[in-house]
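A short worksheet on the structure shown next.
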Amino acid sequence: MSVTLEDIAGIIGARISGDRTMAITGVSSFEEAGPGDLTFAGDSRFLSRLPDTRAGAVLVPNTYTPKASDPADLLFSPNPKLDFFKVVAHLFPQPSLVAAVHPSAVIGTDTVIGDGSRVEANVVLGDGVVIGSKVHIMANTVIGNQCCIGDHSVIKPNVSIMDLTCMGSNAIVHPGAVIGSDGYGFTQDGAGHAKQAHTGRVEIGDHVEIGACTCIDRGTLGVTRIGSGVKIDNQVHIAHNVKIGDNTLVVAQVGIAGSTQVGKGVILAGRAAVTGHITIGDHAIVGPHAGVTASIPPHDIVSGMPHMPHKTWLKVANIISRLPGMRKQLQALEKRFSQMESKINTSE
Amino acid sequence: MSVTLEDIAGIIGARISGDRTMAITGVSSFEEAGPGDLTFAGDSRFLSRLPDTRAGAVLVPNTYTPKASDPADLLFSPNPKLDFFKVVAHLFPQPSLVAAVHPSAVIGTDTVIGDGSRVEANVVLGDGVVIGSKVHIMANTVIGNQCCIGDHSVIKPNVSIMDLTCMGSNAIVHPGAVIGSDGYGFTQDGAGHAKQAHTGRVEIGDHVEIGACTCIDRGTLGVTRIGSGVKIDNQVHIAHNVKIGDNTLVVAQVGIAGSTQVGKGVILAGRAAVTGHITIGDHAIVGPHAGVTASIPPHDIVSGMPHMPHKTWLKVANIISRLPGMRKQLQALEKRFSQMESKINTSE
Amino acid sequence: MSVTLEDIAGIIGARISGDRTMAITGVSSFEEAGPGDLTFAGDSRFLSRLPDTRAGAVLVPNTYTPKASDPADLLFSPNPKLDFFKVVAHLFPQPSLVAAVHPSAVIGTDTVIGDGSRVEANVVLGDGVVIGSKVHIMANTVIGNQCCIGDHSVIKPNVSIMDLTCMGSNAIVHPGAVIGSDGYGFTQDGAGHAKQAHTGRVEIGDHVEIGACTCIDRGTLGVTRIGSGVKIDNQVHIAHNVKIGDNTLVVAQVGIAGSTQVGKGVILAGRAAVTGHITIGDHAIVGPHAGVTASIPPHDIVSGMPHMPHKTWLKVANIISRLPGMRKQLQALEKRFSQMESKINTSE
């Protein structure tokens, strides 16, 4: 690729400071950008490092005042990161979807596939499935009976979507994900662990992204629900009957136990674990590696295992490695005290 | 669906208190049940909330004494939860298995498929495989050479079962699970990490359930063994040569390192990690998120990282967030002590 | 199998102490070896247990001095473990790869498959893929566009390799692994989480092993790079733009967040979590279950959450369960001190 800085400014309507005719030949992160690359400096961390960049051009906030020392040409934007990725998407457009159903695909009865959709090789669709328009189902994915997939969704290869799963439009499901598997539900019958009947389902909103090898169990009886705009990273486990509110972020390797309700706009950071049958309030934040053992009110920020206010955790995290010192200090103090006590007792 | 309360009572032989002709139109959890729904109140937690239920009918223990305030009709059972799921299974029967081998399935040589079994689209079976009767192998699953799958087992889509894996009857393997992969075994050869030859296998008993995206490695030389009645949740990692005793429960995201022996009737709660080459005694319980670093005797209950007696952990969990306060307290005490000490020394 | 001890000595050029004609009928771990089995005692832990072995023959270090009490015949080796697995590989040779492309495989345009390679049933290869020679791609695996797989690599069943992934020779990728999926990258656009364009790729060196259900995300813009000789266990998550140096070991269930750089010869033990945008120095070791929250210099050994020097962690791990005792001790000391203080004040 090679476009002028003026071309790029045109894509996002940005003001230019520098050589409008400069050739931009690539896009890159701030650290890796070289001559000819466009990058972005979204906040003060990066703006302070502007003199170090080797990039050809940098997207900076509208509020930034250019300096003589700036080594690169600048583009001004109200949201540099967002506009940078708009440029990337414009310069590297997704190939347009070619509608087709591969002859090796196996399609059940009463299953309908919307206009403009593409079903790749070895895809297996069950009975009574409703696939929207311009949906892309990639190779070797299996979708069970009575499922629905909304318009413009992309289901990547080797995904397993089990019976009764319904997802909205613009979903992206990454490879190896499993949606609608039976939850972990057994009852003691004297002889052992009797499997409970699982008759529930999974409902997923619009604009949801589901990471590679992430597993979402169906409701045992009712529903496991993922709200619209929810973004789930890789290797996340979401148990039966969990409800997740709109626009919540669930980072990699998180686990959420059965029947827990996670609010809207929540962030569950990487590797966090959430116990079952609790509520995480709207806009709460759970730190990485945290273990949440009880309900959390809206807007709370917690970390640690077991969870505590994040501010407390910052102090605790600073103390844990000093525990051996604290223990010695305590023992030494006790010894000094006992010596003083006996001295005083003797002197009495 | 719509059946009378009397019909339901008939399924499980339960005594009725209320309107025998009442129409039951659904089954639901206690929290979500509405008019017309059957639910269950298995223990005092739920029984105390009986006045709040909106359910049409509730399965309660035989020992429960009906009250005038009970808003719902009641059914009496020695085990309400177990009987409730019996009713669910009766009202929502699994469709009976239609024996068939899909024309797209690829079957190796010397492979036999028992009577009444169903092999779905794009299934690949290796050589010398023995599939029992009434087995259901779902779409796009791959089974390697010299494997065996016992009668009445269900292998869901996109499962990978590697060479020499043998499982008993009534197994359920959820989508994306991997059984019989090579373990993590390397030897330094001076140049780097030389791969050890892996010649072992996996043996799985009867009535075992294996969760979505769970991985069970083959023995390096000998066997990785999963006992009968073991129930394994999603995203569990079981390394080479692990042995798990009968009826043990392994909850989601647990990891068990190589050659560890887990006893019978053990519970490994969610996200627990167990180190290699140790023994977890029969009926031991390992708490959620725990890290087990040494062998545990039978019937022990442990939690925390590193693990400790669960009762100790309950106290520790209560103290961790107070460490900053303890540290301040210690420092303040030391200061007070030093002041007193110097005061005493001065006064001497 | 049955071979003489002399035959085995010949495979690895080992010196024999004992009956050269003895029949060896199996290979086994030290603990499980029985009469007729060959095993190995690689270090003093096992050598001290030699009198207990039931093995027919044991590979021991060259430096070992035989004793009258040794119950088994001995073979001497400079590296018993390495030589033991050479014997195993020799006695249980992998079946030689039969070159073939299964008729059900779906091959894109401009895709080339090298001499002697095997492509099994239902494999789907995209456009512009370059498969080396003697590569084995097992059933139901999907490989996207513009990928390359080096000579002698083995891709097991149900693997998903996405566009632009390139791996070197002698790779082994276990079932269910996902390579080249989109990373977790969103930008707030006011309405919600806007997906960033992902245009990056994954580059993998030679002799890399990737475990079952392990996920490696593509670079957002640039590259996610796995060095040569890197061995990755099951269920590992490697986020976008991570770089891992040569010969590093990544054990099961590890998670590495975006843009982190892991050096050469590093060990990340099981379940360790590493935050994003940091550097783990060459030959550093991160203990099991550790949470690394900041960069680590080369050769450092850390454990705990948050991480600390491993030696400190060993002390901390010993103290955590004693926290309730420490708290009581502190409170008791404070009480004693206050009593003494008031006594002294009174006596003044």
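Residue numbering begins at 1 within each chain, and the chains themselves are lettered A, B and C in the order written.
Here is the rule we go by: a contact is a pair of C-beta atoms (placed from the backbone, for glycine too) under 8 Å apart; a residue touches a chain by one contact, two chains touch by 3 or more.
Because the structure is predicted, anything quoted here is derived from the model rather than measured.
Colleague: Taking only the C-alpha atoms, how many degrees of rotation bring chain A onto chain B, rounded to the nearest 5?
Modeller: Resulting rotation angle: about 120 degrees.
Colleague: Can you check whether chain A and chain C touch via the same residue numbers (shared by over half) or via different ones?
Modeller: Mostly different residues.
Colleague: Please tell me the distance, in whole Å, between the geometric centres of chain A and chain C computed from their C-alpha atoms.
Modeller: The separation of the two C-alpha centroids amounts to 25 Å.
Colleague: What parts of chain A, by residue number, touch at least two of the other chains?
Modeller: Expected reply: 104, 122, 140, 158, 176, 213, 235, 253, 305, 320, 323, 326, 330, 333, 337, 340, 344.
Colleague: Under the definition above, what is the set of chain A residues touching chain C in their complex?
Modeller: So the residues of chain A in touch with chain C come to 27-29, 32, 79, 81-82, 85, 88-89, 92, 102, 104, 120-122, 138-140, 156-158, 172, 174-176, 207, 209, 211-213, 229, 231, 233-235, 247, 249, 251-253, 270-271, 288-289, 305, 317, 320-321, 323-324, 326-327, 330, 333-334, 337, 340-341, 344.
Colleague: Give every residue of chain C touching chain A within the complex, in rising order.
Modeller: 104, 106, 122, 124, 140, 142, 144, 158-160, 162, 176-178, 181-182, 184, 186-189, 192-197, 199, 213, 215, 217, 220-222, 235, 237, 239, 241, 253, 255, 257, 259, 273, 275, 291, 293, 304-306, 308-309, 312-313, 315-316, 319-320, 322-323, 326, 329-330, 333, 336-337, 340, 344
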